[in-house]
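Structures given as structure tokens follow.
Both of the next two complexes hold chain A, though its partner changes from chain B to chain C.
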Partner chain A sequence: MKKKSFFRRLVKNKSCFIGFIMIVLLIVVALLDSVIATYDYNKGNVTDRYKAPSAEHLFGTDEMGRDVFSRTVYGTKLALRSALLGAAIEMAIGVSLGLIAGFFGKWIDTTITFVADMIWSLPTIVIAMAFVMLLGKSLDNVIIACALAGWPRYTRIVRAKTMGLKDQPFVETGIAFGESKAALMFKYIFPNILPSMLVMASISMPGFIGSTTTLSFLGMGAQPPSPDWGLAISRGASVIYRAPWVTIFPCLALIYTIIAFSLFGEGLRDLIDPRLQGN
Partner chain B sequence: MSTPVIEMHGLKKYFKSGNSLFRTKQWVHAVDDVDMVINKGEIVGLVGESGSGKTTLARLILNLTQPTESEILVDGVNPRKATRAQMRQLRKDIAVVFQDPGGNLNPRQTVGNSIMRPMIIHGVNKKEGYERALKALEMVKLDKSYMDNYPAQLSGGQQQRIAIARALVLDPKIMILDEPTSALDISVQAQVLNLLLDLQEEMGLTYMIITHDLNIVNYVCDRVFVMYLGKIVEYGSTEDVLHRPSHPYTKGLMAASPILDPTQRDKNPERLSGDPGSLVHLAPGCRFAPRCKYASDKCRADQPQMVEIEPGHCAACFLDVDAEK
Partner chain C sequence: MLNYLIRRSFQGILLVIAVSVLVSLLLNIMPGDPMEHLVSEKVSDEKKEELRAEWGLDKPWYVQYFRWAARVLHGDLGTSLDTNLSISDSLKSRIPVSLKLCGSALILQLLISIPLGLIAAYNQGGAFDRFIMGYSMITAGIPTFWIGMVLILIFSVWLGLFPVSGYTSVKHFVLPVLAMVLGGVSSNIRLTRSEVLGVIREKYVTTAYAKGLDERHVRYGHVLRNALVLIVVSTFMSLPWIIAGSVVMEKVFAMPGMGAWMVDAVIVTDFPVVRACLLVISVLVVISNMLGDICAAILDPRIRASISGGAQ
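Let's turn to the complex of A and B:
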């Protein structure tokens, strides 16, 4: 019964519902990419380079004569993968460090908070670039680097919530019954911060897609001939006046994805945890 | 008959406060030099205004916070020096119910799981735990259909009864009850108190009940400790303390409970005025002196010691000593 009413509220919240539908569409495209795409993303005819959109090539062709529509469709999977995988890694690091810092306090807290604040005080992209340089250029490394640069956003909130929950009578009763520290963290505190963490994750996902695409655009992420959107945008940028379609369509796809996750995330936040607003 | 279960002498707990770069460190004297012995099978009440350190004392006994000075012996064991096995036994033997009904239960755990959790920690298997949880629910007069509910779906009174049920499932020897009934309505309050009394008779439990409500003290407690600003000011049997209070603060507390006869209201001369003041800036003398109408210069200069007025009834006030001379 509780679930049903939650779903009903989800449908009622317009931004959440529209975002949800948009994400579902994205996932469908990503799963059925080989069915929807009309050409192989890696095969092109050099004589067909920079063809304008037509019935044959819906979005036109790029510098190698490859079909931009098919490449954009194949890129969807990469974008979704980096968003979900990245958010998961980021959340895992951020939440566990936040729990540890908030729960144990003292010098452990001071150390973790110091590192988190240090990373947080620098622009995410700069930190992520530094990590990519250390790890080597590839899309997977870009995802890891962005997660390593973004975890403090979770740590700060989880730490604050943990410190608040730690003094709640139900946690103290748990201690009085002889619960272990691990049980207190994972059975008592963690379930109570999980909902707001999911909201945080869906809110931070657009930013995450933005960061990974930016790094690919800068040539640090996906390498040719990957159909990654960031890469496609960067390669099309030099010919944007001659063949704008090479850049515009991956850009639109990126904007669509970011809007979808933003709408969904913000709607979800209003539904689950309105207190996170303005964060 | 009198084997001490909880014993403390000169117990102190200070909290740091205002510890910033530009202010000097200050101490909050939450529990200051408290002596208390609770014997096996006793029901002891602890009364006092909000902020007098009652809950801190309870948390000290539960080893949720460490004393600044001295130590507590629970069942002859000092929790700070206890071995793992002793600690485990202690955790099993002492149960607690805190005052806030909403905060007592994990919001993400069903009632059944909340009640079964302590048993699972202490090695009771799931099936037996379930049976015992049902029995415990029955004891606090709740239907077993509540097992699968989440705390948020229940009323404050129901939540509090579940917290009491959970405290009972491990057959503890000592129960610390911090305002156990303040969230319950009168009829349920009576049920719960009678339940506690029954259990005490059957199993010889020891209770420490923290409360504001002197009626509860009168109804269930064998002995009472009166606490004011971190210190015990008077203690003795319920009969002695409630009917022949000696310390001016205890008299004030008595006077503060509602009077049923309307014509008698506003006539009580002992009623307290003002507020307890701060636990940080303490005057050198008796802590109650600023509010005490009998206070003399001596009271403002020196701290009175605990003096036995009659057998088992002690108070820390100069007036009694002077009266005897």
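Let's turn to the complex of A and C:
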């Protein structure tokens, strides 16, 4: 019953619904990539280099004669994977540290808050780049690096909420039951902040896709012959005069994905936790 | 006021030290031989041993850190592993390029966001307001490099108005600065809008109208004057995003700034360069935060009063 009414509200919220449909389309493309793609993303004919879009090659071909349409389709799965995996890691780190800081207080709180503020005061991309250097260049490491650079966004809010909740009667009941501190944090307090955390995660997802694609674009993430959009855009950039289609189509795919997640996230926030709105 | 500035400087220095300590610490927490993370495979074994001794990697991390810090205090940031050139010398030629980019973007952002934010606030719910809110929602997640590529495509490839790369003339700076501003300006417009809306509801604004002051006077003398404090502070606080934008833009438009250098250094694992760039960036962030505080004190007598403990 409750679920149904939530779904109804979801449909009523225009931006959330449009975003939802756009994301469903993305997931379908990602799951059926081998069916939709007309060519292998890594097979090309060198004699077909830089062919303009045609019926045979919908989005044209790139520097190795590979079909840009098929590569863009295969890149969808990578983009969605980065967004979901990255948001999950970032949330796990940020929420755990926020819970610990808010629950224990004292020097633990001071330390965690200091580190979080420090990381947050520096440019995320720059921090992520430093982590990539230590971890090594790969798409997975870029996802981890972006999560390591972005967790403070959760920590501050979770810390504040935990401090407000830890003296509530239901937590005191837990203490009376002899629950361990970990159980108090994750079984009693965490469920209360989960909805707003999910909203935050969906709002931060476009930015996360942006950061990982940027790092791939800069040559730190996905390595050739990966069909990653960031990598494809950067490789197409050098021939933008001769063959703009090599860049344009992955660019459009990226912007579609980011707008989809933005619409969905902002709509979801209005539905679940309007208080998160603002700057 | 002076006391306050000294206290803020200490906090700033603490942040810079903390960042550099964290970098050293992380390097030593990473599993495996730190040498593997620091130098590319191309570096010869002899050079590796030489560097190991030079950086004191056989000693505990805090000894390594103090050695490095002592040298930095003497103005020696080490040499690049990739080019073998002095890092300080290279930074001297690269920092101005980055500062020009960041500075122009910062100023342009202020110049655009204040009038647009005012218009949006005074037409709350109107077509322009809705357009701005929609625009800022969409651009919030768009990476700067994407905007840069689109600008290149439109203005360089199709219209042929601006050069694609280089840094020698003003023309070279137009597209990168524009790309940085187009992405970052939306959050500033939103902030201006919400600040102005907040100030409009204040009692002194009602009083100003009741006194019979004309609309223009109230709008610029009372509302904007009060909203400006937070707008200016947060513009300075947004410097990290502007720096991030400039790192990417320098790479996209092939400008020899500090950001592009850091990107290249990460790709070829040139640790001393990355460490030096991080140091410079954290110093820049601290300076801009302090400038923001000083501007706030200049603009707002209340802040000035609370800083100097009530005695003006």
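In this section, the second predicted complex is superposed on the first by the 274 of 279 C-alpha atoms of A that agree within 3 Å, B and C clash if a C-alpha of one lies under 4 Å from a C-alpha of the other, contacts with A are read in each partner's own complex, and residues count from 1 in each chain.
Throughout what follows, contacts are C-beta pairs under 8 Å (C-beta built on N, C-alpha and C of every residue); 3 or more make two chains touch, one makes a residue touch a chain.
Nothing here was measured: the structure is a model prediction, and the numbers come from that model.
A.B. asks: Is chain A touched at more residues by chain B or by chain C?
C.D. replies: Comparing touch counts on chain A for chain B and chain C gives C.
A.B. asks: Is A:F177 in contact with chain B, with chain C, with both, or with neither (first, second, both, neither)?
C.D. replies: First partner only.
A.B. asks: Answer with first, second, both or neither: which of chain B and chain C does A:S211 touch in the superposed model?
C.D. replies: Second partner only, chain C.
A.B. asks: With both complexes overlaid on chain A, does A:K137 touch chain B (first), chain C (second), both or neither?
C.D. replies: A:K137 sits against chain C, while chain B stays out of touch.
A.B. asks: Is A:T247 touching the first partner chain B, the second partner chain C, both, or neither of them?
C.D. replies: second
A.B. asks: In the overlay, answer first, second, both or neither for which of chain B and chain C A:Y188 touches.
C.D. replies: Touch partner of A:Y188: chain B, not chain C.
A.B. asks: Please report the chain A residues shared by its interface with chain B and its interface with chain C.
C.D. replies: Looking at chain A, the two contact sets are disjoint.
A.B. asks: How about chain A: which of its residues touch chain C in the complex?
C.D. replies: 114-115, 118, 121-126, 129-137, 205-207, 209-211, 213-214, 217-220, 233, 237, 240-241, 244, 247-248, 251, 254-255, 258-259, 261-263, 266, 278-279
A.B. asks: Under the touch definition given earlier, write down the residues of chain C that touch chain A in their complex.
C.D. replies: 15, 18-19, 22-23, 26-27, 30, 37, 137-138, 140-146, 149-150, 152-153, 157, 164, 187, 190-191, 194, 234, 240-241, 243-244, 247-248, 251-252, 262-263, 265-267, 269, 271, 274, 277-278, 281-282, 285, 289
A.B. asks: Which of the residues in chain A come into contact with chain B in the complex?
C.D. replies: It is residues 168-170, 172-179, 183, 187-188, 191-192 of chain A that touch chain B.
A.B. asks: What part of chain B is in contact with chain A in the complex they form?
C.D. replies: Per the touch definition, chain B meets chain A at residues 59, 62-64, 87-88, 91-92, 94-100, 103-109, 117-118, 121-122, 163, 166, 170.
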